[in-house]
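Take a look at these structures.
Below are two complexes that have chain A in common, paired first with chain B and then with chain C.
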Partner chain A sequence: MSKQVNLSVGIQDNLREITVEIPDEAPRPWDGTDKLKYIGGRVSRVDGQEKTTGRAKFSSDIQLPGMLYARFLRSPQPAAVVKSIDISKAESAPGVKAILLVQEKLPMIVRFVGQEILAVAAETRQQADDALKLIEVVYRERPFVTKTDEARRADSPVVFEQAVEEKKSEGDLPGAAATAGQNGNVRGPQIRPKGGAPDKVDAALAGSDAVVEATYRTQVQTHSAMETHGVVAQWQDLNHLTVWASTQGTFTVRDELAEVFEMPKSQIRVLTKHMGGGFGAKFGAGIYGVMAAKLARQANAPVRLMLDRKEEHLCVGNRPDSTQKLKVGANSDGKLTALKLLAYGTAGVGTGAGVSGPARNIYEIEHIYSEESDVFTNAGPGAAFRAPGHPQGAFALEQAIDELAYKLKIDPLAFRKTNTSKNEIRQVQYKLAAAKANWAKRNSRPAADSGPIKRGMGVANSVWYYFYGTGFQASIQVNSDGSVEPTNGVQDIGGGITTIIAMVVAEELGLKPTDIRVTIGDSDLGFGPASGGSQTTAGITPAVRDAAYRARMRMFDIAAPLLGVSAEQLRADEGRIFAKEDKNKSLTWKQVASKMPGDKFTIVGERFKDHIQTKPRTIAGVQVAEVEVDTETGVVRVERVVAVHDCGRPLDRLTLESQINGGIIQGISYALFEDRILDRNTGIMVNANLEQYKIAGSLDVPKIESVILDVNHGQSSTGAIGIGEPATVPTAAAIANAVFHATGARVRELPMTPDRVLSALEYKEGGTS
Partner chain B sequence: MILPSFKYHQPTTLNEAFAVAKTCNGDFDFIAGGTDVLPNYKNRLNNRSHVISLSAIKELFELGDSKIGAMVTLVQLEKNEWLLQNHPAIAQAAHLIATPPLRESATVGGNILLDTRCWFFNQSHLWRESKGFCLKADGNDCLVVPQKDICYATYSGDLAPVFMVLGASFHLAGPAGRREVAAADFFRHDGITRYVKQPEEILTHISLPENAGELRASYRKLRLRDSMDYPVMGAAVALRLNGKIVDELRIAITGIDTTPFLYDDITKGVSGRELNSALTAQIANDVMEAVKPYRNVHFTPQYRKAMVGVYLKRLLQELSGD
Partner chain C sequence: MNFEMITPRTTGELLQALANNQGSRVRIGAGYTDLILELKGLKCEETPLVINLADLTDPKFTHIEKTDAGIRLGALVTAGKVIIDASIQTELPVLCKAASELGSRQLRHRATLGGNLCTASPAGDIAAALVALEARCEILSADGTLRTLALTDFLVGVRKTALRQDEVLQSVFIPTRKSINKHLLSDFLKVGTRRSMEIAVVSLAYQFELDAEEIIRHAGIAIGSVAPTVKFVSAAGEFLVGKKFSSIGAVAADKFAAMVCAEATPISDIRASAWYRREVLYNISRGIFDK
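Up next is the complex of A and B:
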């Protein structure tokens, strides 16, 4: 049974009417004309106080009686065969309760420094560390390779003898796993032509009025979330396992454990009450989760296994590096003609170094050809990382687009406008960004400032995609004391979904967000999304609203006879339920609740497919960076970033801005500082800490001004779309374009460290650019 | 990372401290703010069985009258009226050290006596084990300059060069009595022995010469991030001009070599000359040519060397009011 509703959709106030069909018992989707109380406003995090006062319990805070501490023995060798392991001394060391090999049968092949060999559980962390020192491992060393370019050569040591199967997580893009061939260390290429065969692209490039061609390089970046990976595992009995995990997917951790231990999913419970960030690297149980559970079973005691910072850098994920040879053509009318991208990168012993997303999905280009491969090296595996492949891809693409604009003597922003003409959202975004950044005042000539300190302004586009899952189930329990308790298994990885759920429920029920007691982060609760692909809010909020709407209907049914009106005439606001026509006919929410039959009622809302498909399906964004470059020292200082992003209908502007700020800060850090450095002679990461692995700190953060677009698609009952990833995509590119505008020099390699900037300036002085 | 276990002592007088130290058979460290000692201990870098805190010895906390007690914190330095009036370069350098919370516990004494740093040394035990231990901790060979005689870890304190150009003296007290050593003579060209202070000696205070106030001094620090980073090069300059003529000029560089270094041999010769752009360029260039950075931090030696020239040119321009 369904009903038809009319919705006002569109960008900001530019609305048009559409009709959509929705299920009978579903709420009318919020649209551009709804005047809402909390949704779209700025609501502080409901768990903010708990976090700032240190009361919030993260997985790394869990302490259980009799809990043991586990630590890994990790390979100091980048490539070796483990021939023997002697644990006899460690077994009798003080406090040691269990020792388990990761691979029970030897020989075992080791492919990177830090690879897990075995794990020890002891009464204290110190005892576990001490026991590790007593273990004797005999390695037969093998040749290894750490540099991507060297690994591609025919004479390079081979990382894997056999074909490698791609391991996927919830954070990866669909399609990224398409099967590819493998030759030596090179897996691929994955070829994606659009608008004809490669020779068509070459011909179109040859026939273009202007062509730019260059090679861009980006570095390996580690996720470096505040909270490290890890779990506390406890067996209730032989058939029931509880795991506190620092994860982006309570259900994905549960599913992996169920598979490994061959247990029914319902006998495993994964809890994530608070979580200190993941950025894409925390989906499955991980080898640490599996080993913790095994040790706990073996030792018959709860086991805590949290990684330290060094392990975090070495073993549990990173953003692959990239080398991108990019050629783009355009005609003098300012229209792009063709694009050719040849790219490769290393995800260490992992896969997923593709970068072509931006090149294929931002601009209106008739002929596109992309060829990408993964290169295996003896280094820790890559993992999905906030918009996988996209900051890399945008760094190259957006600099090439910029260069082409200068070459054609067209304003870089105008050039982008022309080549995204069909994207209504982008067109609005350019206008807003230009106004906010004062683009019109920008000197069109690069390197216009005199003196050693030069200022510049650059722009870059972002792209991401609208993802959401279905089948999520949010429950709402209304108690006879009037309290309201929404629950779902989803985890709050810091994005603020707890607050958003409270807001959606409060809005629907006419209560305040602080009245709502949200319980999430528990796989025993209703099925919820993994936080990957920027889909948490878009995924779960429609189910929450659905449940809240039907809870309100139930409350109206209870109130109607008490007030002597029909349920259709009732409204809920400010903690009261009242007749629309006669506000004197009114009861408080609590009074109505006290009249419910029984003690409580529970309603389950579900996430179905969207009512309609959004257009376009990509998520647009644009950022303008302003920098100051010291041309004598090469130091780049980002002064200001203006960001305009689409995220559908904004729910909480405050948490949304935090996501944008975070994305930009991480983007600045990627642009200027972060770099995983491997020692070529030993395969060891030189800077596996947070002192020498440089992350932007508060004084490196510029003024960030974000403009949040209200875009009503009417696709779901809340209209939300993701923002976590898109905000970090264009930052490094915008900074690079600003550096060019300031100095006239292109820095085509990340991070843009002072010495690199100086080299780029020298190169430019040399007149070869 | 967790701390190793050690015995903690908190003497209330210098003599008591010397007595405790004597019972430790050399297996001890003094600790002030602990912001250098404790991170190194966590990495199991030369940790000792006894840690003797200086936090209860009152005489180490004095500040004023050209005298800075060793236990004065960096925050106190940054905010002290007398220093801001008379020696702003000290406050300025203190402000650039570490981060605000660290500066609350970090002391002047600890900063001067900061252990040398190197990316083959400031690493976890596992890291150093995998790579091979270095001369400075647990090993026999220097991994920066392959040999066994001296350690090339870098001195990275920010205050020492400022004290050097101001002509400050460091005051030491030990079981054998007290002595005063000029800042310029305090450091030793070896990342392990580091300075002339004996292990059992305590730095009590720093004194500034009476005429130090007549010098105009400034400090600039090269680092990757504004938020927090040790200097990969730091330059301090003190200058007294008579009109345009140089009366006295002193330059010290930190963060490059195993010690902070005073370039008197270069600057002595310029007294009596007019400080014009040619002389500025020449001085900057001479010092730049004299420094010898090693490949043991984030930035390349070539870049750090080049920056000595840029920084000195800017400092000299700033101080001569150009």
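Up next is the complex of A and C:
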């Protein structure tokens, strides 16, 4: 039933042999010695042309005959009770076909500006918008709070009277206070001690040669994906619903709709052909999805409900803010002794403001104590956002580590080396990063440049985790004309999984990626992963390879008698199937396909558990940022980022690099620009657009040099792990450390705006002179 | 967003459109990079009516004209056109620099000089350069008469100009200063966070005329985003006149910077604090003389 195979695993060329047991039917996993044709190379996106020419159809491009446009009426109040709603004028307005309340029975409580009250479907979007203006809502205003610090006070208005159940989505880490109680607006704290009780940690800190302690603050960041949230919903008949969704999870959307409408899952079909980004905020059907389907049923017509940019900022997710009081100790030998983290943050009316991942998972520290709470405020709910909690946590931790290194007069990179000594991968990464960034040439003294423009170089570590799901089913259909069609329900959210699937199949079958017709993004196809937790590639590719491998075996069985050799002697390459020993015994892939019984065959491959059962393993990475700080204006320019990440076995280096680039660019944007600003007097977001909510533009993108570290772990048949999230974790921290190196001033608050940087410089001067 | 539109093709049609359509619902449209946002945000009962200037072909509106007396720029000249114009590059380099800092490439193709002035933003980049250059506005009214007004008098407040309801801005004129042997020293310093698509948090436009001995003969200086309108800072300019540029030392530079800041009345908003604006205005003013 099973066979043993030897694999060469390890970091880059530093390989060792291991033996693993795999099912008889499974291919030998790719390892460090395999010489592959496409896998590990640089293959352009198979759908690149479609996208660049505008032919690719996104959910927001779907147009159906008779389609209606739906818009939400949203609360202008941050906290209120809806007493009454008068829709009579709107009902008879031109084009209006349906109006539905989000909560049918009043009174309804609203808790943030932008909360959905009702939705209108009309023949045009303009008519829907016009109709909204005719609706009269009577609100009884209630006291509210938008500032995290104010919400923590005993006398603050409370956002929720009752305890709040945590809503989890795919790719979410547990909220800060998953197990803890709720007191006023504060949920928690969740306490996670390691290496003894809190007093042990305090004692260890007290006994350390050097201690740093500071408070760090990070802002609320909104996901701001290019394509907004939304769906087009169409009922085929009363029992069959089709939804085109801009989603990271065709199946998670389907499942939520099935639950809401109490329908069998098989009667709901969710389609996502192309998708313009999600970053963690697009898993469920959402109120917009549910309301669109309800309106479509009511109006008996397809309904399109895509949010606009303002709604996107207000209502559908954000990275919670954080306040982190962090104390870290070390001895003069350079060894960390203890760490204490007291943190809280607000996910608005949502949960999930925990930040302790980096503090607990990067360094070898004997005593760690962390205490974290969620604080409710009258603001839109947080949602999983590219490495939830980690950019925040790294911003504080990696600055504290840096500060401690300077205090002990140890090079910040060497200090990190010492305190991650058992992590083989990190040790290699430091070496590569130092070489690429020319770390040795860096002046060890901060603020060494004369003149108003000062340059600096800073380093920070990243941490993420290896996640993957099981039970995914990839099908491969081989047709008698030789065409090959892999299918799976998984969506391509921009990461490039369409291309990866084509590559895996082409590699296995000896064909070219462009020969493979991939169909994905359809919940009627085989079960596939949601794209969260950086697990799409790690999740689905083993199932794809499994199916491709068995399809090849089937083709060999067909070819063997035709060539007069046994199937074991056959190979597939360059579109041919041939005998290994005698290349004259050869047929083209198409010739063999034409001889199959019937017209086609289909094979289903499945994602099983990894054959090596490692415990949750961390994914290591390190980035070095170089900045220029104008000390007259406080403007920080990132000039260069060197990134070294554990990429498992790289499948497509091109899409992999794109993920790293994207993570870094989003990290820079988080570090310097993005900030959701609420007016504390009204609860209204004052920069709910892309003009004043600033995102890094192309001119703000520095030179990015990524070193893709090949690590053959040998855990699955493709050896893929995730990169989407790890790449954004350390960027802001590395920039902050570079700003310190340039200027000698610590900026402990994000974003590092010119205003804040200039104040930090001023404060530093005031403090030392 | 609903609106009606009239598109005159000749100045005659324009005058007629102005005469026939007056009232709070009328708007003038040029490149629409500001106006679209305004129309989107409107919560008025009446449907706005836009008099669209985009199709006017009258060179008075669309051309850059150089004569001995000076340079005249039509209100419909875009930032993109300003940047590539040879006479502006040599004679009005501060305007060239300011135009090149506006928004992004896409935006510069649409954004007009007239729109930048009529929007009357305290942060207008082109406005700052033209104030430093002491430009004069040439205003056409529905009855066909033309009046001129100093740009500093044209900009009366935040988003407020001296334009009357039946008027449009036709062009701006920058007279040539008759000085001998001059060479120019100029820059447009725009401070913001991003490198593009950024409205100035603080800006400083200056164009100095130096004679053969490096003596400053004239200094036009304007500051942006630190007062309700772009402001011309005359005292600081006069302070420089007669001084040799290269011999302005730290003390004089400090004094100059303080004089510039004396004209600033910055506020705190979501983009920056008043403290920051003042601090930076001081630093960049002083920085002109850093060697």
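Simple rule for what comes next: the second predicted complex is superposed on the first by the 759 of 769 C-alpha atoms of A that agree within 3 Å, B and C clash if a C-alpha of one lies under 4 Å from a C-alpha of the other, contacts with A are read in each partner's own complex, and residues count from 1 in each chain.
The rule is simple: a contact is a pair of C-beta atoms (placed from the backbone, for glycine too) under 8 Å apart; a residue touches a chain by one contact, two chains touch by 3 or more.
This one's a predicted model, so the numbers in the text were calculated from it and none came from an experiment.
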{"item": "Overlay on chain A: chain C relative to chain B, clash or fit", "value": "clash"}
{"item": "Touched partner set for A:Gln692, first chain B, second chain C, both or neither", "value": "both"}
{"item": "Chain B versus chain C as contact partner of A:Phe673, first or second or both or neither", "value": "both"}
{"item": "Partner touching more residues of chain A, whether chain B or chain C", "value": "B"}
{"item": "First, second, both or neither for A:Thr753, with chain B first and chain C second", "value": "both"}
{"item": "Contacts of A:Asp481 with chain B and chain C, given as first, second, both or neither", "value": "neither"}
{"item": "Which superposed partner A:Thr682 touches (first chain B, second chain C, both, neither)", "value": "first"}
{"item": "First (chain B), second (chain C), both or neither touched by A:Arg74", "value": "first"}
{"item": "Touched partner set for A:Asp582, first chain B, second chain C, both or neither", "value": "neither"}
{"item": "Common ground on chain A, meaning residues reached by chain C in one complex and by chain B in the other", "value": "126, 632-634, 637, 672-673, 686-687, 691-692, 694, 696-700, 753-755, 758"}
{"item": "In the complex, chain C residues that touch chain A", "value": "1-2, 104, 191-199, 201, 270-273, 276, 279-280, 283-284, 287, 290"}
{"item": "Residue ranges of chain A touching chain C (in the complex, touch as defined)", "value": "126, 452, 632-635, 637, 672-673, 677, 686-687, 691-692, 694, 696-700, 753-755, 758-759, 762"}
{"item": "Residue numbers on chain A that touch chain B, as the complex places them", "value": "74, 76-77, 113, 125-126, 129, 308-310, 632-634, 637, 672-673, 679, 682, 684, 686-689, 691-692, 694, 696-700, 753-755, 758"}
{"item": "Chain A-touching residues of chain B, taken from the complex the two chains share", "value": "1-2, 99, 119, 122-124, 126-127, 129-131, 222, 224-229, 298-300, 302-303, 306-307, 310"}
